[in-house]
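So, here come the structures, one by one.
Each of the two complexes below includes subunit A, the first together with subunit B, the second together with subunit C.
The block that comes next holds the complex of A and B.
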């Protein structure tokens, strides 16, 4: 594990964390707006219960407090990589199903996808800062999801956006946790953890 | 004594008939000798049989039968069978195939008419029954007519169900009646064929969902959707935001009926089934068939491309994969072009290449979407539909005190026509004047014109537009203006 933070690394990490917090906050606001537009555009019931979306780690996590900083980053990274693929799939389906009929929803979806991609890169930066290897992405990305019916596509989209909104909240909390100064060795976990 | 009695003869094919009899109750059936003869002149034909049934030819009019039974004791009985006593009951038809077409909820039935069985051409009636609910509920029964031609002909019949075939099992049975007018005996319907079944999704273990899936239908249609669920599961179904009363199709299938469906939103109308453990659903796209394209008009601006425009009429309400597709077909050349059209934009445009040495175009604009299609036609001579591109690079190339020479360029090849160009002259203390000049069309050329009778040392503004000289259609847009002051008088 790296020695306690050098002042410049700590400063750099806090800067990355605070920028990440702002990015996640903005992303959440946009996702919530997108969710409302999506529910209306797709004629869905906002209260509809949706099964967990295959391929997306749940935002809710047990013993959140005990997670090391690296675990937080790695779980965030895995989630947002999954969201990036799912949002790209949703965008593709939106073009197939709605085309020019609702370019607004397409634009909003693309904007959120852009933010998710940016946030994913941001997480990778944080991991690099900790001289942590960036886990490789599966060669050709996640396995192609099964061909869903249109209603299943609509429900999956609802599930993806809901879970993404949850993750944005969790990411803010995770980054705030990471932003705290690194404790002296042996104390409560910050970013680094002792093997 | 075991007298032979109740002799009955039935023919299935007007050739042969099956005669059966039984022995009076006290007798035990043993071997019997069955003899028949048409008349005194023809020799008797005899059979020995234990089964109490014999197949013999159908007589022209009548035959005399003698049955000598050897049960508990010998007994002989004679019968006279007239044709009128023989029943004609065709064999139950054989269904060759029953094929479901799920997207259209259509059953395709094929069967053989077994015409080769009969000695001559006959009129046949076929009754077809469609059943549901374990073949207990007759949904529809139709009668189908055909002519038998002494050959086995495969007949086919299609039926479109108002309930999607996925929703519950559909059974088909068929029977026939042969209208043999020359046969004087009693005639009757055949037995029903064994029922052929197209199993519904409610027969598949673990299956659940709403059907049909992701259909495109016309506004005003009456729609049926079903929810396939586990037995005894409480469900409710909504169409859009409205709940509907459900009909039970089977223990695992309930359906709703939506009448006179209205146009759906661009993302379709959701049909949702709320189960105890989750949601199932389908999406239906309710839209219009494309309208006949109105005001189809075609012109060329450069003799390289013909640009056709039209008014789409009523929007179809269908988008993306389901949107209306347009193609421009030209009959003379047989060339077909598909047009890329943005459903949201009001104007509809499609380009067709100008073909070598072809001035007249016999266009058919075809429009189609999953609900229907339409077309408009237009016969046009493109030399009479010229609207040149905007003249460019208007330049003054010569100038003295009373005249000015202008030059401009027009993209496009106009060698098939003469051009008429109009030069607007402003300034010079006088009203705006228009000066027309015509010239042979060139191939992406530069054109010139001289303006005379101008005032010396006077500032003028010029701009130009062009059209076809011989068959005026439309002016081009005006070029950009150019300003010039004539030189001083000498």
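The block that comes next holds the complex of A and C.
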């Protein structure tokens, strides 16, 4: 069980949560813009269904409202670490394929990567606040993807950005749950109630 | 034998008198009224280019004994056109509902079947008792990038049709309008109105899924609305109202992160506070009161810039 919430820890957590909410909200807006630009410049169909891409963390979750605060943080952290690696790889592929032609897309991709990195650090801060051990990086890094064709790379990129956009919304919701004052016994668990 | 016979509008209908021969002497009635012989071909009843008014009970009696030999209830109607289907979540993240209607009536009974598929998973759409053509689905999974596919099939005795909707979870989130909208003057402030409202009661968890709001207001004497978007809280003070002019005010809501704006709330009216006229007795005072009221109509305030692209439900 996490140490009972001291007022300063609660204030610090609430502050970290509200800043995290703003960061995730901004990240989502940028990812949605990037997604539009990516679809257009890669000549993809916006309504195309993209099967779950290996190594891309799915934002979809069942019984979301029953998750504990620590579960939320750990799942978020694992996801954004994976996205950090995936976006870095997309950026690299982008530079290899397109050079200057799509510098704009590259810059937008780099900007989102920066935000994902910042948000990852933010999540680690929150976990530290809960005196939770931070899982090591190697445990989360996505497996090196198989060599893909150009079109497969584009589809994977679409899948990555779509999931990231969903994760950003989920993170906002998760952080709002975490920001809630510790619930009365028996209610849906917040951070302080984590097992 | 008595049964129901469905026929399309405009069809030509032939009815045999049960097992009676073609040349048997018979009498046909429609809703108890004898049918003119011109409609008969032998003992067969011929109805050309039927229309809705010819729906009814048709009976055939044996000529001499008046035995009832055949009876049917003719229902004239049309096959269903493609149904109109709409799915929406006004109680996110609990679930969403789908409702449907036919663009034109068929005049005969129809049956509806709806299937909801999320990826590869079949979901149950629980029919609501009221309203009739509606069912709701519980969202078991949130934040999914997998689309939902809803197919509605309508069938009646004369044909069948269907329609399909494919959508993302976020795209159908549309709250109900805000409730309990109240607008009040602010004492001693001739240009202020205090507006308050409540989250729609159908929205289950405003704390985790907060709503933002859009307020529009205008004096009754003008057509141009002024808008202001509010990212939190359920009240706002209008500070640029025309003194003494009655205002109409409405509010709309949207999930802070996803979906579309609700329809506008019920409109409320309010007039800013005005100073009580002093109790003057002489002729001068009356003149003074008249000139004072013509100067209260001041220059319109600048319209607040709405949020780019914020289009509220019509």
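For the reader, a short list of remarks on this structure follows.
The working rule: the second predicted complex is superposed on the first by the 182 of 195 C-alpha atoms of A that agree within 3 Å, B and C clash if a C-alpha of one lies under 4 Å from a C-alpha of the other, contacts with A are read in each partner's own complex, and residues count from 1 in each chain.
Keep this in mind: contacts are C-beta pairs under 8 Å (C-beta built on N, C-alpha and C of every residue); 3 or more make two chains touch, one makes a residue touch a chain.
Owing to the predicted nature of the structure, the values given are computational and were not obtained by experimental measurement.
When the two structures are aligned on the shared chain, A:42 is found in touch with subunit B, with no touch to subunit C. In the superposed pair of complexes, A:96 makes contact with subunit B only, with no contact to subunit C.
Within the superposed three-chain model, A:61 lies in touch with subunit C and out of touch with subunit B [touch as defined at top].
In the superposition on chain A, no contact is made by A:107 with either subunit B or subunit C. Within the superposed three-chain model, A:19 lies out of touch with both subunit B and subunit C [touch as defined at top]. Of the two partner chains, subunit B is the only one touched by A:155; subunit C is not. Contacts of A:128 after superposition: neither subunit B nor subunit C is touched. Judged by the document's definition of touching, subunit A residues 49-50 lie at the interface with subunit B and also at the interface with subunit C. Those residues of subunit A that touch subunit B in the shared complex are 41-45, 48-51, 95-103, 149-152, 154-155.
Put simply, subunit A touches subunit C in their complex at residues 25, 28, 47, 49-50, 58-62, 64-65, 159, 162-163, 166-167, 169-170, 172-173, 176-177, 180. Contact residues of subunit B toward subunit A in the complex are 209-210, 213-214, 240-241, 265-272, 278-283, 319-321, 323, 342-344. Subunit C makes touch with subunit A in their complex at residues 93, 140-147, 166, 170, 205, 207-210, 256-258.
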